[in-house]
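Written below as structure tokens is the structure these notes are about.
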């Protein structure tokens, strides 16, 4: 588990091929396939500018290269100078990057660049805040598949930038047996046994349990991890004891900033939180033009 | 202005062609281009099920047809029965829709369907909460271009479902002269005059002003709307008086649930709020399997 | 209105992101996904050439950068030297651009490059011819949505290059109430009122009227522009008098080079003409190889 | 050669897979990715209508199924009743098709459907007019690669609907040695010999010649067809005599309605005309709502 | 491990969304974006036919639904009647499916349908032949990432249809430390430790070793599986003994039909073979028209 | 016919636009839209490496630029040094190319690059082996449309790299009347006559015959080529005699390395073999890291 790896130096950048299409699609969406009526009316193609991307609130940064790519899509001649790298914290008022070159493409790409950067930094900031709360415990905060449609690879990256770890990426890269699967299979044991028979040898199996009785049944089967859903802190402690390190333990369900530390104190390995991706408020950013530097 | 139109009956559905590609992309993203390892291991293609999408918290619904489309992408034979239409409010525990048919595609499309529905309903719910606060005033809540990259048409629709109105959709469908444009043009007057000279005859012009002095200058030019940015309630009242109905007035900048009513009371026509799209928490939803109905 | 802006210096270039996909698609279409059988059989990858794009007839140029992009798609090492920029007039025999480098990609991209340039310059040339006819009047020539499927952003740009202005770009960026809408609404007043209630605050409303009676009704409502469809010059004059500058006036319907000046003389603000986009003959161009310069 | 096949009964319909993407792209272009502001404001999703597509001028029809597909993209429940099939002639005022169903998608798809149908019917009409002029001669009118970028398969089909035949579709399906290839190869003979050595066994070779001297040289090589470019009627007659049926003869270059018959009378097999695709005026069409039938 | 699941009844069909795009691309590739010159010239749109897809050689079938989808892309009215389902064996001369309906789309889709079915059945057939050879042993045959670019999800499915199991699908769903990673990390231990620190909790780790010395080092670390590359049968036996069921053992490298049984006899859990995907000969198929049934 | 052109110097490279999309798709497929879990865990973005692509078996190379493009997709700063060009033979152990730069993208692109290069070189190698066997005869080996879906342009190129020639590329660029067409038309003569009436003037017509009787009928019509399907060597000799150079002769059907020379000795012009594309085993390649050079 990547608990020890949530320092900034461990954050591996994404290959641009993983997000280029999303950025081009966003620019096209903002243009309506047409262009920027305001800038084209007011700004000459010859006007030049220097602009700063500034954090208006403190936060953990993620997506700075994605923002840079948005500008370069409109003008490969723009110079994008990164001042705060992904995985680093910015204070309010800090300059995250400086863009120099033709004023027109800077203005036209501004909103797209900021929408990516603000959203991803918002996720990183929320993740970091939970990670900080539980820093004294071995538990690690992990995200879920409750991500924005079309942006999962970026949002999972933002979680890593915030010091969290990733759960599986999608339906294909691990087996997570959830309540509805158990209903269809007719029971916890049967569901696990079917999964074990069919899983590829490189695929881990996790099972969701809601009660200690279900957990007891699950532990009789061969599982890699157990998701302890919507349990009280007391139940979680008991569950960790029952599992006794024979599987990875993951607490899930309604965990908030208020409860995270208590959950971590139960000794669970992972705390998974959907809202760090689906409900993180965007980081407040602005792009300000300047003529001196 | 659409203040009178924020009742549910006025909500016009989106043509599916506007979101089909986004849904297919989201399913493909969740599959990793491969499939659903868990469901394929546990559920037989012959298993059948009835599942309910349930609101775990109260909220305004948006995106129910998008969710339905996600299921139909995997199996056109699934029956999707809508119980709470877009633009209507659901109470906690209410069933929003019922899906019936093969269990396998229901399980495989579940997360994609819920991710769309939860995110859009979250936006509708936040919009509605603001719209309710200012219901006694003529002001209307409007969204911005601070939307999730790739999902703008859906998020703008969710704002309408919440009783809000839409600002321009993108860079192309109206002119909004912002601070950075004014910097490049060298002044408010010059920026407006350039825009007036170049704007198409079907394009409206709005200008952002930060001070009453700027507003005074702007009002000497021919403008359709004025965005009053980051002004106090006192300044807004004075601005509304100065504009004297010669242009649409829009308050913007850091307006919260706490301040919305006071802002509306100044007599502004519009209150634009970025966070109803970029920071609205997702509505809490679940999909529960049942075997009886 | 952009009447004063139809000089060449006002023509703002399109961001390449707005047409790159169309050019790649055209090259792929010409290749059949395979290649250039003739050139591959006859020309060595080592052969080098200098080729001139020449106007065989006089005309207003539009699309020179699009043509250049077509060549660069096949070989980024080709040198494309523009001699007549978009928005400028060329005389018969004039060299518009010179391409230098490997002969093979020049030959393979030739037809795609010329198809774009000839079509767009044809539109610019027709537009300019109308604009010239009405130069003494305040009226401005505007295009419609009768554009080639898939090429609208380029064709609207070509109209600007020809000294015309753009009407709305699509169904989304302005409201134009046409005869069929009026039929469905049950009358001019009802249609306008519905639109007024539902229109966003940044959206202008234009209504099409066929008679002076309809115009009289329309003028009782709040409208931004009125499209006077298929009216005689006499009716147009009367309509302009009735509107009395309270809305923008647009003449439309069967206006030709023969009638344009008389229409302009009625005092209308805009003359919209579908055939400058849907029926403009292509400008006659050739690409000629030379070995000296 | 398909001279005998230019009757309507021979026109084979295109598989929709060949144009579906172009139609979806055109609808998306008209929507700006967003929707139809006018119709959504005025027309209820419950309003129903019957609309007729009417030819306002006489012409040869092409693209009626493409138009029908545009409507079905927005609403698969619309009923599209074709009255004049592709390859048939319509008189002014004739109803080409009737669309029945929800009024909203009919209005939203109208412009896209008509843009395809008007453009393609314009090409068919021009082609037919030339075909009629030369009907007494064996010569057949053929199109070129001077087609609208992205719409070639449709425009080539429209030529067939007009009673013309198709030249090669692209750079890959036949060898046409043009002047610039000859310049690079260093001569007509050398160019043909290289092509002969490299051509696949299923690929025909045509060579463009400008003079009878070039023709004489070309005839010493093994060629399938010869393109007689920009020759006078007198030269063409002599060329036909020289070729003596040993290759297909194609007249090309500046052939107009005025000169077509004289060219055909020289005995050439084919008359290729670029302007039937690149400069054909659109056929004048309208879509009219009615409430009775 | 799925050794027990390689019966036909366990083969779960792919959701069509996983291959529809590949089939449409293949049809478009065969059409060159244009159509079927032969069929359009010879076959009337009214001609109807019944055609059988026949195995000319015995083999295990995979891809029958993919073939059916190819036909339905051109004509949704075609009736596709499957006689041998994926995962079943066909004898030489056996009818795999019968297609009935319009002759034209059957002929035009034939090659695309057969190319998919023949290639995938070839993979299934080779996989089955190896699976049969080792049926007496617990070892299971697995595929690699050496698949045809763009067709991996189908080829992995074909391996399952042949009674094999899947290794990881791509670079993202499991960690496989190969020789080059070890070179960069500076040693087996260091590479495993880095992976362990960084791997998500749902990701398994396998390490490739070439020698028993490397294996000894690897076994001191926490690993889920070990890939024994290019080892002799004697070395493999020793390796299995050393691992002693503490990790999954996988034999790899140059294993052929001649050596597979001996390898399986060593007691390894998995035998991975690249050539069952990258070098499997296509199954010989034909589509034969008939007029009776 | 290109018999004389199968030397390496005649191999014209493909424009990258013809395969770029296929390579990006393959990388995305291997990443699952996410990334490379192993390399990201073990290799630092700062690690640098030199890697050699090595042939582990002798073979004819095709696709080296495609492989190079795969690396450049992930990092445009990688240096790709080609040592054995397409169309040249490599001995076992020979270095085909050297990649230098950041280790991370080299490792992540390795499998995609090798999958293309191995598959295409396998086709080139099989083609060359047949071409060598028949080198003493005028016959040329040609491929069919039995290619991997989505990769035809590359596989047809690989055949040329192996010294073979290409049959038609798709359904659109030539007419090949096959058995099923003859069934529908009701006979060989009728099928040819229909094709002759409808074929464009630049389209060649080939007809498949299974017997000498069919050949006799076919030769009474105007055909360009005849495909002699599944005939014995004795029948082929007789067929060549009957055709007497009035059409191109192509032998087809079950021709193997064992029979190729005897078939060539009959005097046929072409020998078409499906398995050189659909069943060629991949060339065995590896990518080896080194730290010195």
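Residue numbering begins at 1 within each chain, and the chains themselves are lettered A, B, C, D, E and F in the order written.
Assume a contact is a pair of C-beta atoms (placed from the backbone, for glycine too) under 8 Å apart; a residue touches a chain by one contact, two chains touch by 3 or more.
Worth saying up front: this structure is predicted, and the values here are computed from it rather than measured.
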- Note on the structure: Those chains that touch chain F and also touch chain A are B, C, D, E
- Query: In terms of contact pairs by residue number, which of A-F, A-C or A-D shares over half with B-F?
  - Reply: A-D
- If you average the Cα atoms per chain, which one ends up farthest from chain E? C
- Which chain's C-alpha centroid is most distant from that of chain B? F
- Message: Need the CA-centroid distance for the pair chain C / chain E, whole Å please.
- Response: 52
- Task: Quick one: report the Å distance separating chain B from chain E, using the average Cα coordinate of each chain.
- Result: 44
- Query: Using the average of all C-alpha atoms in each chain as its centre, how far is it in Å between chain A and chain B?
  - Reply: 22
- Which chain C residues sit where two or more other chains touch them? 28-29, 31-35, 40, 108, 152-153, 169-170, 172-174, 176, 197-200, 203
- Considering the complex alone, what residue numbers of chain C touch chain E? 28-29, 32-34
- Message: List the residues on chain F that touch chain A in their complex, please.
- Response: 24, 27-28, 31-35, 40, 45, 73-74, 104-105, 108
- Task: Provide the residue numbers of chain A that touch chain F in the complex, in ascending order.
- Result: 12-15, 17-18, 152-153, 156, 169-170, 172-173
- Message: So in the complex, the part of chain D that touches chain F is made up of which residues?
- Response: 1-2, 4-5, 10, 142, 165-169, 172-174, 176, 197-204, 206, 224-225, 248, 250, 269-270
- Mind listing the chain A positions that touch chain B in their complex? 22-23, 25-26, 29-43, 47, 49, 51, 103, 107-108, 110-112, 114-116, 118-119, 122, 145-153, 169-181, 183-185, 191, 194-195, 197-200, 203, 274-275, 278-282, 287-289, 291
